[in-house]
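Read from first to last, the chains carry the letters A, B, C and D; within each, the first residue is number 1.
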Amino acid sequence: MLDIAVIGAGRIGRIHATNASRHPRISLKYIIDPVDAAAAELASASGAKVADLEEALADPAIGGVIVASSTDTHLEFCKRATKAGKAVFCEKPLDLDLGKARAASAQLDNARLFLGFNRRFDPNFRKLHDRIHSGEMGPLETLHIVSHDPAPPPIEYVKISGGMFKDMTIHDFDMARWILGEDPVEVYSTATAVVDPAIGAAGDVDTAKIVLRTASGRICVISNSRRSGYGYDQRIEAFCAKGLLRAGNTLSSTVESWSEAGSSTDPLQNFFLDRYADAYRAEMDHFADILDGRALPLVGYDDGVSALAIAEAAMESHLTSAVVRIRY
Amino acid sequence: MLDIAVIGAGRIGRIHATNASRHPRISLKYIIDPVDAAAAELASASGAKVADLEEALADPAIGGVIVASSTDTHLEFCKRATKAGKAVFCEKPLDLDLGKARAASAQLDNARLFLGFNRRFDPNFRKLHDRIHSGEMGPLETLHIVSHDPAPPPIEYVKISGGMFKDMTIHDFDMARWILGEDPVEVYSTATAVVDPAIGAAGDVDTAKIVLRTASGRICVISNSRRSGYGYDQRIEAFCAKGLLRAGNTLSSTVESWSEAGSSTDPLQNFFLDRYADAYRAEMDHFADILDGRALPLVGYDDGVSALAIAEAAMESHLTSAVVRIRY
Amino acid sequence: MLDIAVIGAGRIGRIHATNASRHPRISLKYIIDPVDAAAAELASASGAKVADLEEALADPAIGGVIVASSTDTHLEFCKRATKAGKAVFCEKPLDLDLGKARAASAQLDNARLFLGFNRRFDPNFRKLHDRIHSGEMGPLETLHIVSHDPAPPPIEYVKISGGMFKDMTIHDFDMARWILGEDPVEVYSTATAVVDPAIGAAGDVDTAKIVLRTASGRICVISNSRRSGYGYDQRIEAFCAKGLLRAGNTLSSTVESWSEAGSSTDPLQNFFLDRYADAYRAEMDHFADILDGRALPLVGYDDGVSALAIAEAAMESHLTSAVVRIRY
Amino acid sequence: MLDIAVIGAGRIGRIHATNASRHPRISLKYIIDPVDAAAAELASASGAKVADLEEALADPAIGGVIVASSTDTHLEFCKRATKAGKAVFCEKPLDLDLGKARAASAQLDNARLFLGFNRRFDPNFRKLHDRIHSGEMGPLETLHIVSHDPAPPPIEYVKISGGMFKDMTIHDFDMARWILGEDPVEVYSTATAVVDPAIGAAGDVDTAKIVLRTASGRICVISNSRRSGYGYDQRIEAFCAKGLLRAGNTLSSTVESWSEAGSSTDPLQNFFLDRYADAYRAEMDHFADILDGRALPLVGYDDGVSALAIAEAAMESHLTSAVVRIRY
């Protein structure tokens, strides 16, 4: 069994701890969190023990560490775990500050850091990616990503989130890079705060359309909203030379009603932890393969930096109403 | 141009008269109806003139007659028009009395009588039929026909309709024969009057499930209701050795809404004259081809008798709660 | 934790053992199987130990037993476990012999026997059931169940299966009873062996349409095939006075392609263990509730007998080509 | 009856002539085309007579003129018909030159000129428009228009088309204005010639993404391709505060197949004259209402100028890679 520690007993930490504890090849040994009660509760629920980071890193049995703490601690914990020789599975984003993220290159740009862009592990999007790259539909020409959340986060979270582009669109930037198969070189972004004036007052936006263009001329449009009004809208359409490949939403059940008003489905799955439950499990499989030496991380440090670089350029485009060259 | 006369200025007569008047190869010359005002109104709207049947049949320019009068007059008008050497396009059913319909064999079983089972001319069902018979999915094994009306007809109509099996299911019996490509040999039918007690009081039923079985072992299930509660439900599923071919309903528009309650479409097309508008136009094309000598009727006298024979057997099965051998 | 034993290390036993081993309230203690290697392998994989039945039943810590052995042993193991005071979760069917099943009434018709009709625990069908019974669409009038397998089982299995009605349709009979909310009183069934002549040679059928009718006049049609050609087709349509409620199939992904040939989805989920994975987990939750004393079995001995009684009547109807009164 | 003349016997002229000849309130009197044979053929097919423009305009019985000639003649014929006191139904675009179109303001900005932006008359898009404007989903926030053609036009046509923005996107600019309910004030456009290098060599593009922004902050994304590879893709999604309203594509039939490869529909309707057949008929109804004095044109001169102004700004944005302020 592959012994690991989880840093962070919050929402996403609990997901990873649960998946690790049920994984046939992984043994979850330590939970680390500055809030003792949270650490204790998660340790109890997942059959692990509470530890502090030094203890966990000093344990030679520990092969890997999952960094699921607050964003501002990601880089520091990644560096320490890497230095201790552990494989690392770090939640996105690497950091909110592109400069700080870049400065960690020497320590983190390696073959043992796995950055958790979970959507790459969603079975639907992975299948879409693979079919696009199989060439069955001819070359990919343009891409549409719709990524609308059911409802905005609390305004307190918004204020420390780094802004919508780094907090939410960062996933879509990563998806765009992954599916396009090349880096966008310029970005145009236009955004508003129409969902909640408090978001605007906090200097952030909640609605955006972003256009990315690659060196070879591929174009990607991203649509974002912090509040859809109809659940968690996660769709991708890939326009290829011979046709369209698309991946759609998942409904909460297959039940439909037909009445004189028309036919109605059940709602979209509404919560990202449900929508991406399979993806989180697949991430844990991938981390087990990294721990085992069977695989190199499919997503790593440089992917985290690139997504951040696009997010900064998108923000600049929004603020200047101009097309911005992306500096990686 | 091919000159024709239309007998009957009621609902279906108006459909045929309008389609005939707009047809590039047909010229609608006469409207015949015992109700003078109805005849006059339709003649005016369709650019024809009012006539009586003798006059129309005596006119050598008239090549064909559309019989869209009340059911009890179908056989008589078909015989007279046939005797006068006209091609005939007769509405279904031939008659409500199987014995009377059979007795007309000598006069009507010919190459110039076209019986208007409109669903065979629906582009969707025709495409389904053609794909089934192309063999692309392997041999047809079983068939499901769902045929539910939006709402029951007036009780006065129900009383003279000949009963649901002869009035409504007759279409489905014809579709079954056409798609199965062979005649069913036995039928089981179970039915209720749950939509409207008045229908039951009138000795009729409004809800039925009917199972047909052919000599070669193919099985067809028909589902009928006089009232769906959700529009005009017209679906066929053909289970073949290699997979399923199906034809579905048509919606009144492509507009959808997605809200927290789920996604909703517009209603099904609700009225048979809308749902089968293309089919009625295609019937007129076919009648023009018959008038021209380019085609023999795709549906004729014997199809009308066969559908009636199945309807009588289905009624007997319902009344006796037994499986009934069909006597053609 | 609630300690349990699993009898049977075959396909379905492995499913239940895995779900039990991952369940937060259940502790899987023993695996029992006459094939030592199978028992040992499953015990190892699920963290349990191999035992014989006497040992397991004698252990006072064991609160419940899952009977997932071959069908002909179900009744015997259920009786022994019940006699030992254990709660029982028994796989369907109770037995292939209705008389033997009935004879066990005194021992098994109790509040601690849970019969595993898994489809009642499928979230889609459960939601459908609940919405039908909520009355939102008015009274249920008729019901259509389509239940087609992807491919027939091996002919050796077919020969000992008790026939399609007891082996496969038994699920649909249970669904019909559950959704109709009342017992059917008569059945008509017509069937063929068109999928594989060897099935016919073995005296069984592979394709059937079955019509059930309840005392109150509700009608249910069941469609069965041992081989769909297009995956695992599991659909239910409930025609109510105010409209239609239906539950559909689940696809293997949300990916679609659109080309000049039309649009294409991914295949249906093809394997019952995938299609009903959530249902099997929900069954384990329910069994934990029974063990805990929080719940009485939602499906029990009498449900097993009733489904068998319908299956025997359906077989008789098929063999006699007559409508058969069901004797419960 | 309302007598009219049609100028132009090409593809779109034939559509309008046919619809006019079948319209119950319109009488098609003259066909005008410099190519005598084309004029004669269409006149014969539609029951009209060939005329020259002077003759038609001098005929006091003629209430209206349909201008369906080549684009460079639109302004001239509109002016002459208007001067002669006729109502005008002019095909889009008004002209390829914004300056020339603007210069015609004094003569054409009146209550008797109907500009044929046919998509406003599509029943699906009209229903979408009406539901958005009903406010049922709350305020409209952003809009996505997908408008991809099945295949590019001949390169000779491309060269004289005025470029994709004026020839094809012009429809989408009009739809955007109509549905947004306000004029966009700035545009960003990025485009390529990836479908056919000859289009690029001719100085045109065949693939574009365009972002419009209104004064109130509404954002609209338009996606264009001259070749979809999967038929005529015409979709609109309107993201409102309470949910999504969308209108989708129309398929060539309702037939589906399900096999081990998945389920497949028939192709999208592939040809704009089929896809928008209802829209062209509805345009003729509207023109009859204008001729009758029952209605003012729903789309007029200023709409034509505005769409052209957006097209010019979009072209400038594409050429300069900058966001461009639209000058109306």
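One rule holds for everything that comes next: a contact is a pair of C-beta atoms (placed from the backbone, for glycine too) under 8 Å apart; a residue touches a chain by one contact, two chains touch by 3 or more.
Remember, predicted model here, so these are calculated numbers, not experimental data.
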Repeated interface matching A-D, over half of the contact pairs identical, chosen among A-C, C-D or B-C: B-C
Selected pair, greater C-beta contact count between B-D and A-B: B-D
Computed distance of Cα centres, subunit B from subunit A, in Å: 58
Rounded Å distance, subunit B centre to subunit D centre (Cα mean): 40
Touching two or more other chains - residue numbers and ranges from subunit C: 137, 229-230, 233, 242-244, 258-260, 266
Residue ranges of subunit D touching subunit C (in the complex, touch as defined): 229-231, 233, 251, 258-268
List of subunit D residues in touch with subunit A within their complex: 137-138, 141-142, 144, 148, 186, 188, 190, 192, 194-195, 207, 209, 211, 213, 217, 219, 221, 223, 225, 228-230, 233, 239-244, 321-323
Touching residues (chain side subunit C, partner subunit A) in the complex: 22, 123-124, 127-128, 131, 136-137, 242-250, 253-260, 266
